Amino acid sequence: MKLEILYFAWVRERIGLPRETVDTDAATVSDLVRELAAREDRYAAAFVDVSALRVAIDQTLTDFDAPLRGAREVAFFPPMTGG
Amino acid sequence: MKLEILYFAWVRERIGLPRETVDTDAATVSDLVRELAAREDRYAAAFVDVSALRVAIDQTLTDFDAPLRGAREVAFFPPMTGG
Amino acid sequence: MTVRLLDTAFDPGAETTAFTAAQSGAGGIVTFCGVVRDSAQGKLDRMEIEHYPGMTERALTDIRDEAMARWPLTGAMILHRHGTLRPGETIMMVATAARHRADAFAAAEFLMDYLKSRAPFWKKEVTSAGADWVAARDCDEAALDRWTR
Amino acid sequence: MTVRLLDTAFDPGAETTAFTAAQSGAGGIVTFCGVVRDSAQGKLDRMEIEHYPGMTERALTDIRDEAMARWPLTGAMILHRHGTLRPGETIMMVATAARHRADAFAAAEFLMDYLKSRAPFWKKEVTSAGADWVAARDCDEAALDRWTR
């Protein structure tokens, strides 16, 4: 399946791009993270500690166990610092 | 001793004046209240239920047991409704 | 001036701007404005606010000083009107500023709780049905307890 | 508009005035403004705020709707900037209005707690010592717990 992947803040900076389209068979967010981290060092550096990351599927916060079936957009970012 | 007595809100309205000077030997606020309440019906009406009243001596909130020695100004009023 | 007793209308927006500009090192600014609303007793024509000249200024200053002592604030302000007010007019305003928002919020609530029950103001509502002194609410007196525990 | 994402400065005083004028039946109005302050890491040149277009608007609207559902408010507003901000500029503002002050205060604190940790904004501080992403504070995450108990 084709997924739009978005990166924000230092995740974006480490990976070096704000978004990309990925073709993947990953079943869950964690599967996708493993797939991405295996690509290149800059991905490995971004995903080295997922406890420091947050994930949203189709613009709704979720967790790393969440299934990807039906998803169109997955975003990775550090804890938010709004307000 | 001479005391300046002030009345506010409905206490002022019941008694019919905002302030007066009183010559009294009352030892405490409660003594003063008994003395005033005995004067006339309008005073009795104002002091019928002291639990509905507050008292300040020299512009500091206090209670009805407080001694009057050294006081210059005593004010009677209902619970405040500021803010 | 950080404590002001006013007998005419003031502009809460302009006061917010001026208070904010006067803060240094604050990360958060909280304001509270109390507004004259319609009475449960009928259509409100006006509110009359009586106060105790002399004691009022002292009480407002003491309440502000206490807030400044309890929380690490960069500033705190109290404005309160007396006299005649019309529906929709602003009765009073407090503003607090601090490095972190929790302090600013706590101090603003503290100022409000003390103003409600410890500053010598009395409100009278004049409606189509007559004139009545506003009764103190038990919950306002109870709100003070949280600051003395 | 009660939820606005802005890429330029806004005037908190004017926003306070407009919000207050739009309320009907409110007795109390609370505002909170977050301001860019100097960094612990050095003299702050600017703050850059990144956000997640699409998700941000949805998150702000959801947080406001939740506050309106939880408390009897006459109104609630959220404004939040993104892009480049200078020291002293206002980052964001919430305003709440209710018949009784306790509801307005609680709702404003709720909005702030959710904005801090659940709205997709990320702050970067650019100082004389370099550029750094602001770390989330544990106490901000913990502050959310009080609304879920």
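For reference, chains read A, B, C and D in written order, and residue numbers begin at 1 within each chain.
The working rule: a contact is a pair of C-beta atoms (placed from the backbone, for glycine too) under 8 Å apart; a residue touches a chain by one contact, two chains touch by 3 or more.
Model, not experiment: these values are computed from the prediction.
Chain grouping by touching, computed with chain C excluded: A, D | B. In terms of their C-alpha centroids, the spacing between chain A and chain C amounts to 49 Å. Spacing of chain B relative to chain C, judged by their CA centroids, is 26 angstrom. Within chain D, residues 34, 101, 112 each touch two or more of the remaining chains. Chain B has residues 83 in contact with two or more other chains. All chain pairs that count as touching, in label order, are A-D, B-C, C-D. Within the complex formed with chain D, the chain C residues making contact are 11-17, 20, 23, 25-35, 37-38, 90, 99, 101-102, 104-105, 108-109, 112, 139, 143.
Listed in rising order, the residues of chain A touching chain D in the complex are 6, 8-10, 12, 56, 59-61, 75, 77-83.
Within the complex, the chain C residues that touch chain B are 34, 50, 52, 54-55, 58, 80, 91-92, 112, 115-124, 133-136, 140-141.
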